[in-house]
């Protein structure tokens, strides 16, 4: 009972959240700027953070304020754009920082495959931030894009709420290493926060599979396989966000030599290994899922076997006894046993013994 | 009921459309010009579009008119040949533009695998335009070939009706970027239109699989698996059109450096990513399909289990009771119970209690 | 009925033709010349064709005649050796044309894997010519080897009858392109004839799988799976002939630059694409086959379900009714119902109603 | 019975040992030093071994003593750090030997994937030491890290007890080759001890699979599949420790040329081959496991078949006989057989014959 | 019957021969010389063969005699060491010919993976000689190692009896090519003998699979799957001996240029192709095995279906009839039919008709 409810909840949540959205814009000129996601908040706004070894400031700004701020140069400037549905604003940002139209299109297309591209002016990466607060909640994806120019890092998020709070906190502490390093380290720290979050999601998926596992063993039902099926579909979707990460993070090392300082490179390699670990965990989950399907199928056929055994035992005991009773219910005139004084009791006793014998036979066959 | 009908319709349409055609011309000299498809319209005709930044014209022309038009040079000329069954005409076109015989053969062979080839005089690409207007309609393929010379782009289609209307509309608007660019961008725009269309086809296939999914869960029948089987066969065919696209689009970047301007190359890369996304979606559909087969098999064996349970419950309750009735139907002379005044009622009551006990037992085992 | 017979015929033919032959010569010195096939005709003979732009002759010759003919040089000479079991003759041919002993061994070993090798003096290729005249006939393989020296092409076949007749016909027509080209084009034309034939074989296999498909759906029997099994074994054998072709044909482009003229190379590439298409078709057939196994398994368990349902319906209706009859067959002295005037008819009516109720219940559960 | 108990024990042990630990530290600054394992002993201590051709000493030292010892140089110094939970101590060690912060982090993260890295100052490798003392005990992993500087080899273990005792013994014997060689050979000897241990673990897993195999054949139960499932999960975990070894050991040959002397390199290659053998053994075990699942499924359905046969035999014999008895139990007034003198005995005899006939029929069908 | 016995024999032999040996020496210093196999004969002895174009001698020699013989140089000397358990002797041989300790270790480790290594002084290769004299005998492996120095070829075998007798015979014939060639050709001839033997083993495995196939179709039993399982385990083991051969033989061409003369190289390539053919045959066997499992499963469920059909037919005919008999066995006072003169016979006739009707129904459903 206890284990069933989270799975049921997962199934319900999964179905409400997976409303169909058109998979892609069709019939538009290439590189047309269209936001393919859902509007998730009222206003698009910009959160500006600037810091060097000595100073730090954080402010919610308009585009004009942003322009002013950029004049008083800081060592590192992090422009965090929250919300993507205000296309006009994004186009202005694009013009301000010289962003290629195709890059803007990638930022706006929330179905974009994770990728990393090196342009002459900037380095661009886009990936998915995933959330799965509990084993019974389906995974939710949010696209986040990174655009690193020399002293500026711009991030684009679909909506408020992210996994970067911890980085922001560290930035306020002047003793932290992050305050002494450049945009490349900031980029690394943010990517690290995203990947780290994958681990906690993996943990919740792991718990969910274990719930499914015990349900499959203990109370397999039609619903179990349906949940398993949803679970596998979710994993398929997730794989599309996770597998390209290997290439994305690996590209930093290969193609972004001039953008990433030697100091930060070992950290990127570390990140790369974490990514591989996430991918390997997914592989294990995949194998576990199909193992659970086997378990379930087996539990089911075991149950069936038990049903069949009951039927067989009952039939095998009572059908022959009924036959005997039928024989003595025949109306022949000459049936000498019927006149025996204790014939009835002898027959009853014989039936009882036969039934007992059958039971012993079944026990010896381990059917009971 | 509601969900069944589109699948039934799909099954019916699939069977009518997949009439066998000879898979390949056999016993012909190599490079013999034979149209391997079906004649889908009366006449082969040529649609001519020419434009530069200032002017635009569109006309349906004969071959002679075409020759004249080519003299008054435009920046970009798009010659759209609709219909392939007039081999004489195609040979003339081939001579006019210096097309290799093998290329002509590829254009005419509608079973040609998608490919891209760079010749000294031109760049040639052939791929499939697919259509699937609704989840219940089977996929229909049409071959479309592209041949790009310096200022001329020639396209060859099997029949009227394509996914290029949107491009034609944009061409008429002098403010559009496409008017300021060369044949390479036009080629890209047309390819983009084809690939974009794949997304909407994918969406319909996705819906169909979801229909199958709910049918498999709710009312699995012999027909469900047959539809699933057809669906998978269709996917197999589709894969043959889609998978080579990766290589085709990828080749533009690798081998066509001198044909594709630096300006257009990022767009081609973008196209390449979309292609990969289509391929990945197909992979997901493949996994989903086999998941649906599992669901179906499970629903089926669940139904079987339920049938067996009913049989077992009925048998297990009534066979022992029948035995008791049989016992008191025996004709022994000395059966004291038969003389008891309320013996009959006691036995009836006992039977009732036994039946109730059985029912409770079954309920405790969750068979009811 | 109609569909069953071709499959039965296939099964019968398959079994008679797949007599075991020793898989390989064992215990012989390496490069010993042994013909590993079956002698399929009386005599080994040589068919000689010579031609240039102007002249053409075709003659059945002895080895001595062949020697003489070689003196009067033609542009292209095609020596077609029919039959392989006369090892002495083949050794003489080997000496005459300077063929390496290992090459001769490869020509004689009909279990040789398809391959292509470039020697300093000649280019050697061996592959399988397959035949499958109808969907119900099993595939038959014949090894054919090609040895191309400068102006001479020698082919070695196991027996009379091949797929080259069409090429011979074209050779007689002085207007054909083939008469104006060298041995490399002749080699290409012959290879093209072989590969083209694969397509028609594929078509017959496709028809056979479709027959199996409808049998699996409509009248699945023990025999269906056995035919499927034979079909898959045949495909396994076929794969060993087909898959290496990719490499064989691909090698012409890579390693035979000096042997194949630039003019002929595009044709070879075309051939290569056809080969890939054959391989892809086989992949699709493989998937289809396993799909048919699923269909079959499902049909079978559907039948089983129907059997079970009949049993359950009959049992569930009559076992309770029999119980009631048993109750009123008891011999208790005090059974008031028995004295009721219409008791018998009431009971009969009640039984009828119960049976009807059951039938409605089953209908509502879709068991009827 | 005998075979069941070790598997039960395995199942029990597996469940107690696989308590969930947070899979990864989340929400910490990158490269923060956190020990992700469980504290397995009270104190972290250092075991120091130094030797050259002539001398050997072994001592348990504090960090200060270690510093002193390092001054009196030996040819080879092996510092074995036992326990990882004293982070302060490890940081001091890190400073003393110039260890990169990321390396320290890797040492402390017991979920670290096996890897090998070459830094300018040192060579770092981390892998898992596995233990499986008997077929019924689940596998236990312990992380061990190696850090090789010029004359110093530092190893980090999670807890006391390792597979290195044999190496320590050999080190005390001045005649052994190991005393004449450098740190690279010591590193090799230790790695060899780790890999050798994998073989004995593989042996125990092999025995366990064979136990499962005979259980699956002889007494398949619900528990068998569950143990199989646990076994496969364990294999999945193990694979994550074993598969990267190929790359780790392979890297020594590729990237550590300047660290590994020419003399020692053949030994590393030998080690590499052993690693591949371990991986291949795991592949075989994987196949065996799925073979056992098949065996189990088959045993189960064989049992089911036997149950069904019993039911069928009993029903098929007694249901017709009961019918006959029922016929002669009818109360028609005119049933001439009933008045026959030996009618009853004839009927009984006929029933007996029919039953015997049935039994012979079943025997001929091999159901008995 | 006939087909069953060889499989039973195979099963029995397999079990006796697969006694567990410790999989690997554990806890020994690396490169310690330990023979990991079983002692298979009393004495280790050396068979010496020397020859050039003119002379040939063959002698069983002691180590001292061997030393003397080596002084009188022959063109080719083949030293065949039979037996591996006399480690002292092998060490002496090692010293005499300057064999690296790791090579000696590889020679002695009979679980060594097939491999080929080029040392400065010699070329070393080790592989498995397999034997399977009949379809019912399990495969037996024997390790054989080859060590080729300039004029000397040393082979190491586990026990007497090998596949080289044919080579020895040829060596005695001065007209044979082998007498005119060097050690490289001798090495090739011996390798060829080993690989050729694989073909005859493959043939026996093929026959065994076909036996299993017909058993699975005709008389599937619990034993069939067990034999299949053993068969697959054997194939897994065999794969480990066969698959590395590709690399081993391929290495001769790549890395042993200076050891293998240009003359012999084509033969090695030929050998390589044979190896690939063996591997492909194994792949086919693998597919066939899983096909047989499907066949078996299907036969089984067909049998089950037949059992169920019998049960259903009997039940469906007699349960309704018994009900009718039960009705006329009721004791109601007013049952008019009972007084009809021929009521009994009408009822009997009606029952007979009903039974016939049922039989026709079943026949129409193809259940009979």
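Letters A, B, C, D and E name the chains as they come in the text, with residue numbers starting at 1 for each one.
The rule is short, and it goes like this: contacts are C-beta pairs under 8 Å (C-beta built on N, C-alpha and C of every residue); 3 or more make two chains touch, one makes a residue touch a chain.
These figures come from a predicted structure and were not determined experimentally.
Peer 1: Under the document's definition of touching, what chains do subunit C and subunit D have as common neighbours?
Peer 2: Chains in contact with subunit C as well as subunit D: E.
Peer 1: Could you grab the centroid distance between subunit B and subunit E? Build each centroid from C-alpha atoms only and quote it in angstrom.
Peer 2: Each chain reduced to its C-alpha mean, subunit B and subunit E end up 45 Å apart.
Peer 1: Return the distance between the CA-based centres of subunit D and subunit E, expressed in whole Å.
Peer 2: It comes to 28 Å between the two C-alpha centres.
Peer 1: What are the residue numbers in subunit E that touch two or more other chains?
Peer 2: 301, 304, 308, 311, 315, 319, 322, 326, 329-331, 335
Peer 1: By the document's touch definition, which label belongs to this structure's chain graph: line, ring, star, complete, or other?
Peer 2: Graph shape here is a ring: one loop, exactly two partners per chain.
Peer 1: From subunit A, heading first to subunit D, what order do the chains fall in as you go round?
Peer 2: Moving around the ring in the direction of subunit D from subunit A, the order is A, D, E, C, B.
Peer 1: Considering the complex alone, what residue numbers of subunit D touch subunit E?
Peer 2: 166, 170, 176-178, 188-189, 192, 196-197, 199-200, 202-203, 206-207, 213, 217, 266-267, 270-271, 273-274, 276-277, 280-281, 284, 287-288, 291, 294-295, 298-299, 301-302, 304-305, 308-309, 311-312, 315-316, 319-320, 322-323, 326-327, 329-335, 367
Peer 1: What residues on subunit B touch subunit C, complex-wise?
Peer 2: For this pair, the touching residues of subunit B are 20, 22-31, 100, 102, 105, 111, 113, 115, 222, 225-226, 229, 232-233, 236-237, 240, 293, 297, 300-301, 303-304, 307-308, 310-311, 314-315, 318-319, 321-322, 325-326, 328-331, 335, 337-344, 347-348.
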